[in-house]
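Each of the two complexes below includes chain A, the first together with chain B, the second together with chain C.
Let's look at the complex of A and B:
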């Protein structure tokens, strides 16, 4: 049985700023199945964080506003919940880990106080002693050495990797059903990255939680995700399960991302990159947003935004796979 | 921490000696002879010389200073030239009055200032924010004696609900406290707002929200504790200013505190009294700074542990 824990339908999150409207997330739909990991990839600025902050309803508002769509969690639309109801979901049912472990913990409270706080908020009737016990257990679970001692330490006494472990311990302390990880390893060095990913994977197995893993690193996706969603300029450009996407990426942008992964087996003269930059909100092309950087682009790409079309059980937003394209050739 | 405090106290003594020396020299340089003032220019040279001798003013300057220093070590600053009262007793009497006034103004300034600052920060960009900040600006820029007089007119004369002078009843302190505290409240409100706005942008506030912490706890616990350092710095300096007395406010409300004492000692060239007052003022500032530094450590573990490790 594959049941969806969360279904995001046509989510639109815009930022209303002086110069106009930034469509940071523009009609994004996806599902996260129970116990599965969804990877979201895309370049910086494509709307990954805003997607996850929209689910948590942690947008900076104003200027950010969810202007459309639904977020169905356990059959209920989160966008219809009151602030207080959302507060009970955040940190309890849906938890989040952020990109910057160095600044994501409050410097003036001990690690222990910060984990205990989450427990005291969400676990009804838990005593302080019990919460402390649980917090130390959580620190043990995320493999922090000397958890009893660390419990009383302040964030500045810990390394980046340790702090991210604390964040994970805190996020998982109330047994959430969904764990959103927003680039949890980007700020860490490579060996620590691998350890943290392994830890998330392991804990996911243990707790049965679903994971939304946001990253711009396809290597991370290969490591951890069951399904992948590729985003570009606020829109989904490709959705598929991890195996098929690595086997045969369809969208030119995904192909470009794949080529950017250095391969150990090949002798490469230089790392390939996707030329050009993500267009800014005030000069979005009329047609496909990726068109100016695309090697395959034709006239139609400049003029018309392609639909997200279904193809062999996956989805891709590219004219190349449309009937029109085939007719033209 | 303890050895740090001891070290700071040691520095305090050096600072006080330095300040007393500078005052001593300045008083020699500034024109105006206390003896002449005392005898109102009617005395003959013999009497003047006799009085100078009596007061020890005929001794060499270095001897005068060392005598002063020696006595000061026993908290003896001599007697006032005019009232013949021991300086320490006068200081103590005025200090009690100033302390009462300070406590009330300080509480007023801190409570009103921090509350307004927090509210303005939460309501950033709204009419409430603008109204509070305009009020704060007004508090900071309006001269305190002017606020004092306005308050006297409104509450003392028009409404006739509060006394406009004196210091014998507790209610008499209400108007002077507000008048004295207004500008400090304004300052505190402004720095609280700035500091809070800076803190609420931080990642750890987002983490707290992601954890499901109640909004008012986010502000009062997670944000405020981080915003305290700049607020403490300001509050400390202001506490020092209040404790050393406000010449204007004390004058307007006829409250005999340190401020009034300093002015009187100055105009009458009452050297022992003036020396005592200056040393007292310096002492207050140094102590307040020490307290401020210690309270940084209370609020910020990074400072607390940094000090702990380096000793």
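Let's look at the complex of A and C:
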């Protein structure tokens, strides 16, 4: 039995805007096991990025606020930590890389300075020389050619793929136990994406860190994740290990997502679609949030939000697997 | 389908010959030497009536520049563009503007390509204002009809772009492009900014419109799966050059160029039990300002040998219009 590095329980992050409440993350629970990769997948606005920002407590507040839930890390609830303690955990224990490496690096400092800065802040008693050595070591680890030269270069002198490598080097420089990757390859070309995914996989093996991979791309999930969580409109709709989710997706949304991407391996005249679009926050359906787009929806779906139920050792939030749905015509 | 092929054989809708677009790159104030970024470097291909040509490549390969040069939205440096037998390069302002009713473009970013201060009705009306003398009522009627065709509720006629989602905005862009009944539409990454569930809706719409109206598409995308789904023929570009061009089935089933192979193997496939050979290319795309000598791909190629850095391979036809620019694909074919 593997142990959980982080346990998120019933996390609720709301945004208070214009007198209204946007429930960006609405009762999300999941675990990340030690040394494993959890993939979180969903379309824009489903709450996947807000989930990760909540763990890091990097939300812009106001308007964002964690209104409920627990984030248990090594037996302690991160939501009870002070700002000072969280600053220590961020970077040292949990590190994060973002989608757009250009905007997350400071353009007026060399990449070397930026990695050294991270080390000086997080490693107590490290000297500048030692930090530089470590930084170059990290650049080597992420396979940046000529690390000594790159150390003195500015972000604009690097390509998108190289910048993302620098971000990874910086994130891993303090040996975090959890690496959160928020769409790390979305802005990159496919050939570079393949390199970065391979690198993340390799480093995970090497350092034993756990990874949370947030993406909209089911292909990336198949490539890298051990477990998957599918989100829709702020809620988890399906949770399973990666093999079973690709073998047999249970939730109509997951099924729809898999069917609507054009595939290299098969030929179809028309792509199957998920009709309509994601409901806006001020127009959430009363029952299941996916109901207006769902091909299997019945009356019960319009009226009641389904619970996340356990099924075949997996979890799914859908009435389709309830007796009530089966009885209804 | 048969008809389409036959027509293609007669006279192509569009013939592009030796198209070049070189951008002068910055050089020192006193330096006399001029450097160029060869964004599109000597490209030739045909587009048949009602055909979809997919153009695929990584960022910076020149695919968008090529699409825009073909429409002369940016002026090509040299080359020939023959549209329906007429020399498109020779057209002057007024004639050029007139010919635009035959060729249109859809952009990637539906947020940036619509004027936020114009209503949907006004946006779609613009081509009609420029190209026709229709009365207000006639225009309105036409616009409402085209809105219905692209799946926009006609009651949104007076709304502004910000009131729409990404997918709907792309539909507005499509409505604007098809209202004059063009023969060619350049689609520049039209679905890249959209969520996958909406992406499928827009792709299906584009296919349906083509079936009903018969226009040709020059479909530019970095996504090989989308390209495969929508194209009849595919052009693979690398650093301003065509490296491979073929019928879709030939390209995907009998891939010749090592770059195309690497691209195909880099796509993460959304399935677990697929075993396939993975080619992970080393390094980054070289800068187009300073392209490698010889074959532009040799710095990243896993098959490269001495000759590749010295001599640029020619685009050779290996049968059925399957062309490839590589020193070694000939051996492969004869094997």
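Here, the second predicted complex is superposed on the first by the 321 of 329 C-alpha atoms of A that agree within 3 Å, B and C clash if a C-alpha of one lies under 4 Å from a C-alpha of the other, contacts with A are read in each partner's own complex, and residues count from 1 in each chain.
Following the convention adopted for this analysis, a residue touches a chain if its C-beta (ideal position, glycine included) is under 8 Å from a C-beta of that chain, and two chains touch if they have at least 3 such contacts.
Quantities reported herein were computed from a predicted structural model and do not represent experimental measurements.
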Query raised in the report: Which term applies to chain B and chain C once both are placed on chain A by superposition, clash or fit?
Result: fit
Query raised in the report: Thinking of the overlay built on chain A, is A:105 touched by chain B (first), by chain C (second), by both, or by neither?
Result: first
Report task. With the two complexes superposed on chain A, say which partner A:198 touches: chain B (first), chain C (second), both, or neither. Result -> second
Query raised in the report: Of the two partner chains, chain B (first) and chain C (second), which one does A:261 touch, if any: first, second, both, or neither?
Result: second
Query raised in the report: Taking the superposition as given, does A:91 touch the first partner, chain B, the second, chain C, both, or neither?
Result: first
Query raised in the report: Does chain B (first) or chain C (second) touch A:80, or do both, or does neither?
Result: neither
Requested in this report: With the two complexes superposed on chain A, say which partner A:189 touches: chain B (first), chain C (second), both, or neither.
Outcome: second
Report task. Report the partner of chain A that touches more of its residues: chain B or chain C. Result -> C
Query raised in the report: A:277 contacts which: chain B (first), chain C (second), both, neither?
Result: second
Report task. After superposing the two complexes, find the smallest distance in angstrom between C-alpha atoms of chain B and C-alpha atoms of chain C. Result -> 5
Report summary line: In chain A, both chain B and chain C touch residues none
Report summary line: Note: in the complex, chain C contacts chain A through residues 58-59, 165, 167, 195-201, 203-204, 207, 222, 224-226, 228-230, 252, 262-272, 274, 278, 280-281, 283-285
Query raised in the report: For chain B, which residues are in contact with chain A within the complex?
Result: 202-204, 206-215, 222, 225-226, 299-302, 305
Report task. Report the residues of chain A in contact with chain B in the complex, numbered from low to high. Result -> 56, 58, 83, 87-92, 95-96, 98, 100, 103-110, 117-118, 121-122, 154, 156-157, 167, 170
Report task. Going by the contact rule at the top, pick out the chain A residues touching chain C in the complex. Result -> 43-44, 145, 159-162, 189-195, 197-198, 216-223, 242-243, 246-247, 256-258, 260-265, 268, 270-275, 277-278, 293
